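Scrolling down, you'll hit the structures one after another.
In what follows, chain A forms one complex with chain B and a second complex with chain C.
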Partner chain A sequence: MAENNMEKFGFTISKGRQIDYESNDRRIADYIFEREPSFRLCIECGGCSATCTTGNLTNFSLRELHILIKRGENDHIMQNLKKCMLCGKCTLVCPRGVNTRNIVVLAKQAYQKAGDYAI
Partner chain B sequence: MSKRVIVIGGGIAGMEAAGQLSKCGFEVSLIEKEKITGGHLNDWYKLFPDRRSSKEVKKYLDGIVLNKEIHILTDTTIEKFSKDRNHFSVTTNRGSEISADAVVVATGFDLFKSSRKEEYGYGIYDNVITSSDLEKMFRNDKIIMSNGHSPKTIGIVHCVGSRDEKVGNLYCSKLCCVTAVKQAIEIREHLPESKVFCFYMDMRMGGAHYEELYREAQEVWGVSFIRGKVSEAGETIDNRLVIKVEDTLAGRPLKMELDMLVLMAGMEMSQGGKNIASSAGLKTGENRFFAVADHHFGSNISNIEGIFYAGTCTAPMNITETISHARAAVSEVMDYLKDGRK
Partner chain C sequence: MQFDPFIIPFNIGLYFILVYVVVRSVIWFRALSRPDKLRLQRGFFGIAFAQSLKEIFLESLIHRKILKTNLRLGYMHMSLAFGWFLLIFFGTIEADIFGSRHLNAPYKAIFFRFFNPEHGRMGFEAVYSFLMDLILAIILSGLLLAIIKRFYSKVVGMKKTTNLKKTDKIALTALWLIFPSRLLAESFTSGAYGTGSFLTGTLGSWLASFLPAQQMAYPFWWLYSICLGTFFILLPVTRYMHIPTELFLIFMRNSGIRTGDKAGTYSEVQTYSCSSCGICIDACQLNFSAGIKNIQSAYLMKAIRNDDKVSDIADNCLMCGRCDQKCPVGIELTPIRMIQRRGGEAGNDFRNIYKGYFRSHQSVLADKTMTPANYNFLPDCDPEKVDVLFFAGCMTHLTPAIKKSMVKILDASGVNYSFIDEQGGVCCGRPLMLAGQDKEARELINFNSQLIWKSGAHTLVTACPICYKVFKESYYLDVEVLHHTQFIKMLIDEGKVKMNFLRKRVVYHTPCDLGRGSGVYDEPKQVLSYVSRLEKSNFEDENSLCCGGSLANLKLSSQNRKKIAIDAANELTTENPDILATACPLCKKTFSSVTETRVADISEIVAEALILNPVKITRREYISSLKELANI
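== the complex of A and B ==
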């Protein structure tokens, strides 16, 4: 337990910033891909986030959530998802025809099913 | 007697095809709906990537079609199109009938009608203009807002009517990115005090010297590039434009006040092309441009024997590609009409 010993001497251990693609859990993403194939079409243009009322007032960004879910970076997603008011403006502006609102709904479902991230 | 060819469309592709066909000894009729030939070239100021005057290219094209044995019919549209075995016949709006052994369709493109993207406010807010409107301002050497003053902060929106499922255009128009870069430089040249911001989804600099022009825009002219699709434009109480976009690389929504917003209108199949498609029975593809027989080695060949395509009626192309494509169409016509074949 070298890490614990280090901490005894006043050092802290930072978690790496890398996205660990191998060990990340992408089951949430797979759950959405299967049920809403338009999830694959996002090109990260940010149209959704620009028009989003929630995103203009809080740190909620649908574009960012999409990419984090796809990479299996699942921490903090659930609390952010709760901020979405499902108004659907993002769906109206999306140039790729991504059903953004359904993705929020599916992501919530997936988190509820995956025990570790249950609400 | 020499074989006769009708060229439909007197833009760059049509003029090049007509000139080369005439050079090869064919009797050519060139039909153009406008009062003068030259197509979109007549509306443009300077051309990317070297920013030469569009007039130089127009002069070259005039040189190959004027004073030749080419029947140039301007202000003319086609009312009726028919094919009887290997013989083509068209009736024009002026009542004349022209017959030919082969046809080159060079009906080009129309610019996307930017008012269809209502959220950008073209036709609603005075200082929202299109790339084409800006070219006219450059030509008149007068880049001004509706109140007659020079704009200080100018935004350029890429991909207006391109890569957008909402308007039914999934394709990339390919030339708007470099047009944005060229126009950003020209704005800075005309208005040295101005600031220019380009809002892009991807910078598609896929042509000779395009990437260098992009670099020059940053390095020499200080143009700023912000990655994000503008979601909407509005107006403040004191008549300034305000846009909303996500600065996706910073990961934050951004709003900015602007004096002028320039929309990079994409390219669509022209109305003239659509008319010919229906009257002649030519097939169009999923992007509504003419469908070619083969993307690699048959891009001039249509579904009707004896009708060939030249230029942007098949897909977005720059001038270099358009001229090459028109020459290739001429080579197809020569092959089709060579002795003993027809």
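== the complex of A and C ==
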């Protein structure tokens, strides 16, 4: 009850935010690192998300996906990855020259190979 | 019956290859789709047949297209192919006229000198021997070029020659040895009998002066026969399969069969028709700008033939289509690459039962089991009814100058238009297709089609060649699709817009997808020469360069892209033009970061030259305004 009342006033009780590297699965990240070294160059500036065609229409952020893949929190990435249209605007605006299109394609491939996440 | 055991290797090889080619062509024919079978039948009994014969003579024997691009390389191919053909042709006639009887077995013609050593002493016989020697000399000169090319390719004007696999090397050695061994065998025989013409006769008598010619001849005849036999038997598993296959290719192409988007007989015939001549390697910008030398089309064809892992080669390509234009055999290289991309990594599970002699069909390429995309977030839309739609496309949204210019031009023209993706629309689908994900692309295509259909427009104008190509080819729309340069040309022709002449020197860069991809070469140049001083570059039309920004390449790093862009921009701005004009937002974006010259889209130049709302002034008003000026 107390929580609900707090929300009415614009407060929430935030969930735990620590990153548990032991339970995280870095297979997808490793697969991409191996094949697209420019993945490491990302400074998470968010340029890709700002220009994104899909992000314009729905809640989709490539920056968020990059961070989650690197952390190894793979749970809801695939649902989001499937929204990407591969139009390539993110690659063009990237100040670090990250080949973002290939990362999306590789991430999809990695999911396919990992099997557990095959949908 | 003239017979000697040394002809056995040759006979085995010859009959093997004849049976093989027949069996193979039956398999190929059966795998054709029904419409293609009908096309082929119609072509076989029609005018296409005559065209094919002409083309076979010009391309397979004379190698006209190679001669056009590179004289020395062309001479090498011509002397070997046409020379060998003439040798067989005149050899058969020789055996028929001068032999013991008519209608001989093939080996009689090939080993004529062995069975008729006394032939060619005088009169017509001597003239004929002279002809045969001349043909042999021509072949040998070509062979000499080929050997030099293999070790030092610059001699024939090639920067790089193709790398070979083991069986190719054995077959190549056999091919190289065929003609020298024939020369020596004939020379020794001629030397022993005192016959032969200027080549075999002279060489023969010289050799006979210090060697036992009679005994020496026999081993060389064996060598000649073994080389021919080895070459024929290895033919189906090496690049030399192009010799018989190219004939099929020419017949099929002239019958109207095209590659399409699925692997099948035609794409397989095309892959076998590649002779690995290496012209595509020299044409490839990834080779001469970025130094990537293992992904060119010749290697793609080779990898497909050998059932190697193709995806690394297939994906690393700008799809600019330069190699398609240069290929002397006319193989549709880009469509074949697209087929390989669609097949993806999982598809290449060939069962190699007969070790390459009867490799299973390419059509086993399974569809990728990529998880389907999820585009259910696409909004429902209800566009207004208009005549003309303007679709800017994703790339144009990154180059706002083009967007603004197009809006300015459209406003000035007074057509009833709507800017369909002003608030950022949905991708056209081509980037997904280029990544081999056709099913996903289809969803976007359906969405955009609905949008266009609902608006009831009759013309769709797009500012991006990438979108233009996919709207033209993969959308089944009842509207006229125009690239904005075509649209502007139309407006000028109809007199709907008025323009000043800009005193600026402009060089035009043809975007790949607009030029080679869709065949739009003239309209952009006509528009440019209408508003500015259009100058020629060294890379016009079919020979135009790629800017390096192409969305088709997923693997290329940004550094290599930059290298390609710098090289291309330097080539185009050698004459220091005021503006480097292009018709593609992606080209504009790529070039503007690497060159000092101003890079502008055609629409920007047109918008600059546009006369807005021409104010009509009467003569009296004009004079009064002049008077006002004078008072001041």
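By our rule, the second predicted complex is superposed on the first by the 102 of 119 C-alpha atoms of A that agree within 3 Å, B and C clash if a C-alpha of one lies under 4 Å from a C-alpha of the other, contacts with A are read in each partner's own complex, and residues count from 1 in each chain.
Here, a residue touches a chain if its C-beta (ideal position, glycine included) is under 8 Å from a C-beta of that chain, and two chains touch if they have at least 3 such contacts.
Since the structure is predicted, the reported quantities are computational estimates derived from the model, not experimental observations.
When both complexes are superposed on chain A, chain B and chain C end up sitting side by side without clashing.
Judged by the touch definition given at the top, the superposed model places A:Y31 against neither chain B nor chain C. Applying the stated contact rule after C-alpha superposition, one finds that A:T58 touches chain C and leaves chain B untouched.
Contacts of A:E44 after superposition on the shared chain: chain B is touched, whereas chain C is not. With both structures placed on the common chain, the touch criterion links A:K82 to chain C but leaves chain B unconnected.
Of the two partner chains placed by the overlay, chain B and chain C both lie in contact with A:V93.
Considering which of chain B and chain C touches more of chain A, the answer is C. Look at A:R101: by the touch rule set out above, it reaches chain C but stays clear of chain B. Residue contacts after overlaying the shared chain place A:Q109 against chain C, while chain B stays out of touching range.
The overlay of the two complexes leaves chain B and chain C separated by a minimum Cα distance of 5 Å. The residues of chain A shared by its contacts with chain B and with chain C are 51, 56, 93-94, 97.
On the chain C side of its complex with chain A, the touching residues are 345, 369-375, 377-379, 394-395, 397-398, 423-427, 429, 431-432, 435, 437, 444, 549, 551, 554-559, 586, 589. Those residues of chain A lying in contact with chain B across their complex are 43-52, 55-56, 61, 63-64, 93-97. Residue ranges of chain A in contact with chain C, taken from their complex: 38, 51, 53-54, 56-58, 78-79, 82-89, 92-94, 97-99, 101-102, 105, 108-109, 111-112, 118-119.
For chain B in complex with chain A, the residues that touch the partner chain are 119, 159, 163-166, 201-202, 227-232, 244-248, 251-254.
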